[in-house]
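Following this line, the structures themselves.
The two complexes that follow have chain A in common; it is paired with chain B in the first and with chain C in the second.
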Partner chain A sequence: MAYVATRGGERAIEQSERLYRAELGQIDAARVAEIRHALPMLIDRVMGEASLYEPDLAALALAQAGGDLYEAVLLLRAWRTTQPRLTIAQPVLQDQLFTLRRISAAFKDIPGGQILGPSLDYAHRLLATGVLQGRPYVPAAVQPAATPAPARQPSLAAWQKAQGLVADPARADVAPDDIPDLTREPLLFPAARAHTLQSLARADTGGMLALGYSAMRGYGNAHPTVNELRLAEADVRVRHPGGTVFSAGRVKVSQAEVTSKGKSGLLELGFCATLGWNEVKVISGATLDLNAPGAAKGSPVEEEFFLYHTEPVEASGFCIHFKLPHYVTFQSSLDALRGAKAVPAPHEPEKVPA
Partner chain B sequence: MTIATLTKPWEAMSYGFLDASAKRELRRKMLKAIAVPGCQMPYASREVPMARGWGTGGLQVTLTLLRPSSVVKVIDQGADDSVNAASIRSFLSKVSGARETWDTLEATILQSRHRIPEERLRADQVLVLQVPNPEPLRPVEPNMSVARQMHADADYGRLWLILYEQIVRSGRVMQGAAYPSLVNGRHVMTPSPIPRWDVPKLHMAQHLTFLSAGREKRLYAVPPFTRVEPLVFSDVPFQVEDHAALTCHRSGLTGYFMNEIPQGDGGSQFELSDSNLGIKAIRQAEGADARIGPTWYENGKTS
Partner chain C sequence: MAPRKVPPMFDQGSDPAQPFDHARLLDVLARADADRLATLAEGLLTALGPVEVVQSRTGLVMLPMRDTVQGTDFHLGEVLVAEAHIRAAGTEGYGMVVGRDLNRAMAMAVVDAAASLGQTPQIRAFLHHEATAQAATDTARLREVEATRVDMETF
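After this line comes the complex of A and B, so read on.
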């Protein structure tokens, strides 16, 4: 039994996990509620990457993972994938969204107006250190405008299409049940458009920013202009078995459309949408989408490259797997290395006289 | 007829963790993989409660195969008590009721990372290898769409070119583990990163082997009695690791794949990589009843 005594993996992993969880302490409903209440942007980011819109579960996952985003996303994805897919909701149309923020950088003003909505874009990023000295930060009250902005806003691209500025790709009408579902099928290339958009929607925010930023800096083919950025709430409309279509509730969504002048002489569009409000992600994703057509194999703006490498669960899992023992493969390489040293060096090729 | 007779009571988790739709997809892809040996079958690869890269591909195949009567062995680098193997094994038994074992002879399903046990597997056993990278062409063609086309064309010339260049540069083939091998004379596969020592164990074997990469969403299979031939030149034979003459300092066994343990005096000691084979040999020496089955290698040579 001496062979085993030096190891003891099972006890070690149990105690290692306990050590980690002891640091996080007791997790109760109050902690989960506080996370949900205090960190809505983080909840949105995690829900988007998990492709599961459930703020309470997202807050629970964050509590359980102690704020490790990749762990939280994995917890949610592993839970989500075991749940039955009950029905397919009706398509969400842009001009039906309950829009809270909608801006365009392409025009000074647009039909429907520039609606700033909630944003830190123009805030001075000053740390409120007074809070730590006992002076709570109380946000100033919002003063409503005399006339509220319309709840629904038209799509800017629709106006551009009417003007003949934007190519209008042929519309493919797919029955809801036939929409390919990335969570039930592998991603293959060339990817179905639905798979591309689904993959962008659940991509890792940081990874997408890194690759999107590389395209913005010049490793892409097209410089993006934000045609339309929108934060909204969407009705999830589903069909009751009795035939009635009803709203099962609202989800926060964000979407970005970026544009640049294409070779065809028309404007080309890149698009990205996700669950939750996450502006950095949708602008980066739309930029990658804009740059993808015709990109060289292996370039950061090629679809296969950026979709594979921004998958948060796969990328983070593979990264941390390098902590696992690799001594068998290492031994195998070492054997080849020693073998090569033992073999006399191959002959120098004969010099051909000039 | 009532609703109650048509439905089952709610349960927190399906049998074997994966839900029925995930298992159905996996079974279909596993059957396809058996039908076209060595050919990579894409599958959805659901998230499981373990991080990607930690055996999630092997786990999904094993979960699909498990029955309450199964006996399951899990090894990592040859060891049953390696932390990740222990974690996977306890998850498998927890969600399926299958019995756990360390003994290769007893197991009906063996999930492994980087090794094939030294005792011969039988026709009633299934080996599930965890695969980090299923694509043998990755070193020459990282783009998967292009690599897929190359498989379709059996366009494997660049793999031979790598081996040729290694011989020219270093005087020998330098490929360590994951040695590219031609399956059934048609598809080149990477046999997961098992050492070269283990590749001959797949050739014309009695048992079925599944190789599954969860992160890369690909699985492939080597059915029983299928040719698995490492890529070689006719004048440069395939070489396994030079371990035939090494002796395990714990069990005293010679002629199996070893772990090298560096010593303070500058030298090395060796111990069996197949840890349970070592345990059984030690028990035998102590007079206990521990049966060691026939092994693929005898006296350091394939038998």
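After this line comes the complex of A and C, so read on.
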């Protein structure tokens, strides 16, 4: 690739940015608060892809980017680099999650039961057009049960392992400081599982859906069924200087396992989790995880393929960089094209009799 | 998977006469109502005397999670927190809260320092009140969640 330094565009650039921002108008605290309040699913999606949990900042990023998700994620990833890393929290365990939704499509009678939680899964998708005619849409209130649901739900995978339905590989404890970290190390292949899962947690929702969907439609090795889907809040458990471990508060997380009957005679599981609530992302990610073992090179379910192509900042950045001046590169292509046209077609070589 | 000791969620703080253990105290302070926490902290400052602020900043806490398939710990992402660390009256106080509210973290550190010198009736009453309010919030949410439990019948 060739680049060339040019000048003369300063005024155009300045006015271009002004034109963009003028469309968005004044951004104030009230607008940010309204975005945070009105669009929690979008806030969650942006926080997950930015890999930074702070709803106010995510709302601000969305306000500044005018809702362009890739710009918002880039703003947050960039801002994140201004902050020191204070510590690494204790690992979140599935059966410790403050669980608000937990369902299984594979097993009807899961230990702990099926709890739909907040969901539009069974809702009619009707646009409330009356709102535009001045009739506010007021949602009906939930009728609470007499007793609360348990705050914590057992792990279905742990139960399946105990039943001998799922392989239970031995695990070694890793100190939090030694967990591989993509923000400090490059992604290399074959990837450490910790890198794979971290990369999926930060990945672009749309990209994961496209590749996960291709596997679901048959361009993969295994058809997924949702083993367990959870929307929950996780305690951020940190250490006091005196040694006491405590929760500094809760953050929203979502997590999915998908399953398929493996060749070994056991159920195989794929896993994905992310910050914020994002069901499409974790089901797609778990499908990719399930399909990755033994995938052919260049297939959408091959780890290298799906991890490289779902990194939102790299992918969107590479895409939009093609808008930037490529005159030299393109000029050389043009020269070659014109040259080829100008040169008369070579004569057919005379046929030499054998 | 080694089971981790589960701290009881709803049964601590029910007896105002009992002191809170340190972990529970910090849990409750980190989730306490910001205004009430600040009011308590301001009231406790006089007794603490001069306060040395060791740290008052925002920063990132990396949050790992354990994968349920292979038991691999991996990083979910970073959480922005506010942190405060103080020294006063020969003791230390520490606060960390999810979010970027430095005042909340500082108020937590002040109460932590004061409580380390003794959980006075005022501190204990505050903790009891907040713990009750937090449990009530959780219970109300979980009653709504319970309403979505599927009572499935197969034909």
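Please note the rule applied: the second predicted complex is superposed on the first by the 325 of 354 C-alpha atoms of A that agree within 3 Å, B and C clash if a C-alpha of one lies under 4 Å from a C-alpha of the other, contacts with A are read in each partner's own complex, and residues count from 1 in each chain.
Keep this in mind: contacts are C-beta pairs under 8 Å (C-beta built on N, C-alpha and C of every residue); 3 or more make two chains touch, one makes a residue touch a chain.
This structure is a prediction, so every number in the text was calculated from the model and none was measured.
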item: First, second, both or neither for A:Ala65, with chain B first and chain C second; value: neither
item: First (chain B), second (chain C), both or neither touched by A:Gln114; value: second
item: Which superposed partner A:Glu314 touches (first chain B, second chain C, both, neither); value: first
item: Which of chain B and chain C A:Met208 touches, first, second, both or neither; value: neither
item: Most chain A residues touched (candidates chain B, chain C); value: C
item: First, second, both or neither for A:Thr87, with chain B first and chain C second; value: second
item: Partner chain in contact with A:Leu231 - chain B first, chain C second, else both or neither; value: neither
item: Touching partner for A:Glu304 - first (chain B), second (chain C), both, neither; value: first
item: On chain A, the residue positions that both chain B and chain C contact, one per complex; value: 80, 84, 183
item: Contacting residues of chain A [partner chain B, same complex]; value: 1-4, 7-10, 12-13, 74-75, 77-78, 80-82, 84, 183-190, 297-298, 304, 308, 313-314, 316-321, 324-329, 331-340, 343-346
item: Interface residues, chain A side, partner chain C - complex; value: 47-48, 50-54, 56-57, 80, 83-94, 96, 98-101, 108-109, 113-119, 142-152, 155, 157-158, 169, 171, 174, 176, 179-183, 193-198, 201-202, 234, 236, 238, 240-242, 244-251, 253, 255, 257, 269-271, 273-275, 289
item: Of chain C, residues touching chain A in the complex; value: 1, 4, 6, 9, 22-23, 26-27, 30-31, 57-81, 83, 85, 92, 94, 96-100, 112, 138-150, 152, 154
item: Footprint of chain A on chain B - complex, ascending; value: 13-14, 17-19, 21-22, 25, 42-49, 51-54, 56, 76-79, 81-87, 90, 113-115, 132, 142-146, 168-178, 193-197, 215, 217-218, 239, 241-243, 250-251, 257-260, 273, 275, 278-279, 282
